[in-house]
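As written, the chains take the letters A, B, C and D, and residue 1 is the first residue of each chain.
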Amino acid sequence: MRLYEYEGKQLFKRYNIPTPNSVVVGDFSELDKVVYPVVLKGQVFIGRRGKAGAIQFANSKKEAETKIKELLGRVIHGYEVTKVLVEEKVEIDREFYLSATIDRTKHKPLLIVSSEGGMEIEEIAKKPDAIIKHYLEIGERVEPYLGRSIARKMEFKGDAMLKVGNIIVALYNLFLDYDCKLVEINPLVLTADGKIIALDSKVDLDEDAMYRHKELMQMGIEARHEIGELTKREKIAKKAGIPYVDLDGDIGVFPGGAGFGIASIDLIKHFGGNPANFMDSGGAPTQERLRLMIGLLMDNPKVKVIFGARFGGISRCDDWAKAVVQYVLENRPQKPMIMRMAGNMEEEGRKIFEEAIKEHSELFKNIKVYKFDTPIEEVIKEAIKESI
Amino acid sequence: MRLYEYEGKQLFKRYNIPTPNSVVVGDFSELDKVVYPVVLKGQVFIGRRGKAGAIQFANSKKEAETKIKELLGRVIHGYEVTKVLVEEKVEIDREFYLSATIDRTKHKPLLIVSSEGGMEIEEIAKKPDAIIKHYLEIGERVEPYLGRSIARKMEFKGDAMLKVGNIIVALYNLFLDYDCKLVEINPLVLTADGKIIALDSKVDLDEDAMYRHKELMQMGIEARHEIGELTKREKIAKKAGIPYVDLDGDIGVFPGGAGFGIASIDLIKHFGGNPANFMDSGGAPTQERLRLMIGLLMDNPKVKVIFGARFGGISRCDDWAKAVVQYVLENRPQKPMIMRMAGNMEEEGRKIFEEAIKEHSELFKNIKVYKFDTPIEEVIKEAIKESI
Amino acid sequence: MSIIIDENVQVIVQGITGRNASLHTKFMLDYGTKVVGGVTPGKGGEKIHDLPVYDTVAECLKEHPAAAVSSVWVPPRFAKDAILEAIDAGIKTVVVITERIPVHDMLFVRKRAKEKDALVIGGNTPGLISPGKSLVGMLPKIAFSGGRVGTVARSGAITYYLANSLNLAGMGESTSVGLGGDPILGANFEDVLRLFEEDPETDAVVMAGEIGGVYEELAAPYIKTIKKPVVAFIAGKAAPKGKRLGHAGAIIEGNMGTAESKVEALKENGAIIAETLSEIPELVKEALCGKQQ
Amino acid sequence: MSIIIDENVQVIVQGITGRNASLHTKFMLDYGTKVVGGVTPGKGGEKIHDLPVYDTVAECLKEHPAAAVSSVWVPPRFAKDAILEAIDAGIKTVVVITERIPVHDMLFVRKRAKEKDALVIGGNTPGLISPGKSLVGMLPKIAFSGGRVGTVARSGAITYYLANSLNLAGMGESTSVGLGGDPILGANFEDVLRLFEEDPETDAVVMAGEIGGVYEELAAPYIKTIKKPVVAFIAGKAAPKGKRLGHAGAIIEGNMGTAESKVEALKENGAIIAETLSEIPELVKEALCGKQQ
């Protein structure tokens, strides 16, 4: 779960990582609290915010007001600006890079620092000589001497070395204390008057660990869904916690368990069809979520046919069948559904379909549910045939 | 630094370790907040408080008032009762023992639990079969499963096992978080109605680590000196942070550096003298502290002569000489001082004495300061001669 | 033989009193898995499907000292604790069904597992099955039949369809292992490939990866050294491209994680690449014939 | 030879810019100790007694790669960090003058020292001296002269008086080591006894303990195996008796910590017990004569 820059900086303040004097404005009441000139930063989850127009400058409160008005409500790469971070401008002497993250190839946390900062990470990665990686043991903290030693390697000396050393310790403590996947300061700047300041923040929390960080809610940081650059359907799915991506084909893909979603798209393409979406149900989805998933496909005018597949593991066939039947009874859809159902609780699932068909044969005439003995490829081919 | 029972229980509450409903009274305003009958516990640092009369029972608010009045101000084994902990009485079904401490023979922290609790620790130690010790690695926390597993070994089952497991986790977290040397619950009780409650608390903090626990001061817990059972001079010394014990001899012992204090007592006794005190200056004592140390001896009517020894290491001879001279000039003492001074900054120290003697020869006529070439044993023998 | 589990292995179930765990314990018992007991702290003394429930893993093992595998079904916030308890009690194979375990918890668990030489499969694994012998987890038995092909996949459904395809083509599985879908996993492709390489009843291995993560790339160098044929499939080639990482991951992982990167790494190291799930059985057959000539 | 330090050993001073550290660095230099540099974070580039000051131990070692011993003089709240920094930079002997280091910090430091095979002496040690060769710490040089008796004591002043007595009796020290007065120490009696046992220039060892703690008792079993004579002295026999522990320590330490317990443990294991400091020289002489016969 990515945090907005200003939220990350709130956490920085808790850890005594210096940030520019600032206010966050949704309206204009607080603009007297900063000294001008200021930088106005629209809070959106994109890189290169400068190029995208999300960052402006203002030399006076009046100019700030005008520019904030322009920024608020603007949609930048799909993200609406609802908050602007107003920061006092600092004179940059040099820019550096600091981060704490997890190396998934080694399964270890590490610090990454570079004496070349301020540019996009891909650019930083191109200067490996300036990059220092320091791996930590699981459970280990960064001792102050280690912070200083890394700061020293970044070419800091004397008082600046002590400050950067402390920031490195704090950064890593924040990373551990809040179950982060990433804490990044890019750039960390040395100002013209010798101060060390974190000019940007990038904090990525582990959504699965949020339950143990109730205090974040008190700070106004809550589990959220990033909905920039999303289509209407993608937003609906995201809000419901369903991984969903619109594609430009005509076969709606209704997968029945985690993981098979991406494989079924491959198969549809392989056999010459055009999938309309990628979707993943997650393990053991609720009835409500399953019906919402069907609805997303049915309501998409591009979709001509729905291909469905349930191989019941922890997601049970009977739950799946119940959801399909209820959706059909409630919504009386016209589009055909070509599906296959096998696995755990298959028999119970099949009974649910049989009873529904017996009572509402007209409603279910376009709905086919193949059994285990029909290979999935045959089902896909039939769905493709329907889509032509 | 030992905490009072009620202070330890304040920490317990922070860690969700259940304690009886209670109020702490220095006066009587809060006695309506508990349900009677209650236990009245005078807050003093001694064991066997029941036998010593520090624990009383009351069935009503009125009775409580009367008995608290009796308790407040009473001096029990040298400790004055200034606070009474008023706790609702619980019906005890069984008593257990829990503690976290450091094994100095193995240099490891450990949990000690016993299914036999409620008696003096020496009694518990006599039933080794009932004692479970679990050593932890440095830096390790007690995982919940370990807490449960230890609780299970204490013969708890089901819900009680879960609760005791949580208490063990919390006890150890408290132990680490607050730099404790000891956290002890004796007894932990299972009540007649199935509750688990910590009925007493014994928390010993590391005074040397108090600087990183500022929040304890906010709770009203501060660095303090335990002054129960002390003589007048011992109390003065304790308040100044000087280890001092009155003995019943007549030779005042004024040591010059950490560690030699106990050895000089051995030597005086060995040569037939009678030391009046044990004292330790600690490393690099201040001028003020050194003068206070001399004063303690001079003001003791039993003391006939003062034996002093400074072997300057980190505690410098010049500092020591300066303090002696200033004390003598200010207080014009009559008792003889037989001393030896050697070691770091000896020459500078000797100059200080020489100049003082030149100007105030009368005042210093009873004061001898031997050099390195006189063995310490000779100096001690001379002091003993003076005392006869 | 087979890997990890066979007809004799005794299994315990942590979190057995939960809805899913209880249902799938029944399925495991029906399949013939030797489930000997369950653990739910605070519910010791109860019975589930006639199996004794214990308060702690240690107690359970005291009564069933031969139990060698634990499957973990507890809610995610208790998963770390349950896995550590199992490892600490001496269990050498822990199958973690629980999904969405915090990543720092899994890092901690991995470290402990390494120290204690335990194999942790998952989290978010469907489990594993040695068809006809033992099933641990919640895979649908209908998808599998016994044979001499080992399979290892990240996702549950792909595990099922893969076995299904093999079976329709007249082959069967020695063991099918689901690695799980969480971002930080215990056992990786390489761990399982090593076990298959040593298993005399496995002739060939199919590994099915998917886009995202680095586990396929990490297994590639080992594949170069393996003697048995490895057929590899990467799901998600047609999936929409993800965005660039835009953060520190770029420095560590570079271009890993794409279907191209994975396929290339596997191919370079001698894996036989299947373009679709459907062509896997044919490729396995060819590889085995090639071996026999 | 001597133990731990000799005329060639290069020494660095952590916290060199402090009042005491600066003074005693001067004393060490005057004595002939090869102090090569100092460290005070944030003060890199300064000079103290013509010695270069560095920001980090690593930098200091880069310039003075032969430095093998560090003495630590920083305030107690920075002691853990300074010791860890030294150990991590590869220093194998750390002499910790700082007193009143939090006990949990020392436990942590001890663990790291063990992992990295470093010897930490102190905290609250006066230091150590190989007379005529090198002095690290703040012992008064006047108390010591070279010879073939090794000494190890807990307190500073006892270290000085002990050496003083030996010298007055015509003997001298190979090395005198102060273990330090803090409750949790790095090096213990046994660690130092082992070094003396292996030192060809040490003929006998005097260990001076005192009441409190468990370190004397812990060394006793090793004394049984040592070949050189060990004369042991325990200070505090006439000291007032402490109160009973009254807490968990009673379960772990039992009766350890009293003068009686220490003397008994040492005597049982073959140490020659000195009743007073004064009789030590005579006992050492006797023991050496006995050896020679």
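Throughout what follows, a residue touches a chain if its C-beta (ideal position, glycine included) is under 8 Å from a C-beta of that chain, and two chains touch if they have at least 3 such contacts.
In this text, all values refer to a predicted model and were calculated from it rather than measured experimentally.
Visitor: For chain A and chain B, which third chains touch each of them?
Guide: Under the touch definition, chain A and chain B have C, D as mutual neighbours.
Visitor: In this assembly, which chains make contact with chain C and also with chain D?
Guide: Common contact partners of chain C and chain D, which must touch each of the two, are A, B.
Visitor: Distance from the CA centroid of chain B to that of chain C, rounded to the nearest Å?
Guide: Taking the average C-alpha coordinate of chain B and of chain C, the gap between them is 57 Å.
Visitor: For chain B and chain D, let me know how many angstrom lie between their CA-based centres, rounded off.
Guide: Chain centres of chain B and chain D, defined by C-alpha means, are spaced 27 Å apart.
Visitor: For chain D, give me the residues that contact two or more of the other chains.
Guide: Within chain D, no residue contacts more than one other chain.
Visitor: For chain B, give me the residues that contact two or more of the other chains.
Guide: Residues 139 of chain B each touch two or more of the other chains.
Visitor: Going by the contact rule at the top, pick out the chain B residues touching chain D in the complex.
Guide: Going through chain B, the ones touching chain D are 47, 99, 101-105, 107-110, 112, 120-122, 124-125, 131, 133, 137-139, 176, 179, 181-182, 184, 202, 204, 206, 208-209, 211-212, 245, 247, 255-260, 262-263, 265-270, 275, 278, 283-284, 309, 311-314, 342-344, 346, 372, 375-377.
Visitor: Which positions of chain C touch chain B when the two form their complex?
Guide: 41-45, 55-59, 78, 80-82, 84-85, 88
Visitor: Help me check something: in the complex, which residues belonging to chain C touch chain A?
Guide: By the definition above, chain C touches chain A via 20, 24, 27, 76-77, 97, 99-105, 107-108, 110-111, 124, 126, 137-140, 142-143, 154-158, 160-161, 164-165, 168, 181, 183-184, 210-211, 213-214, 217-218, 235-240, 244-254, 256, 275-278.
Visitor: Mind listing the chain B positions that touch chain C in their complex?
Guide: 143-146, 148-149, 152, 157-159, 161-162, 165
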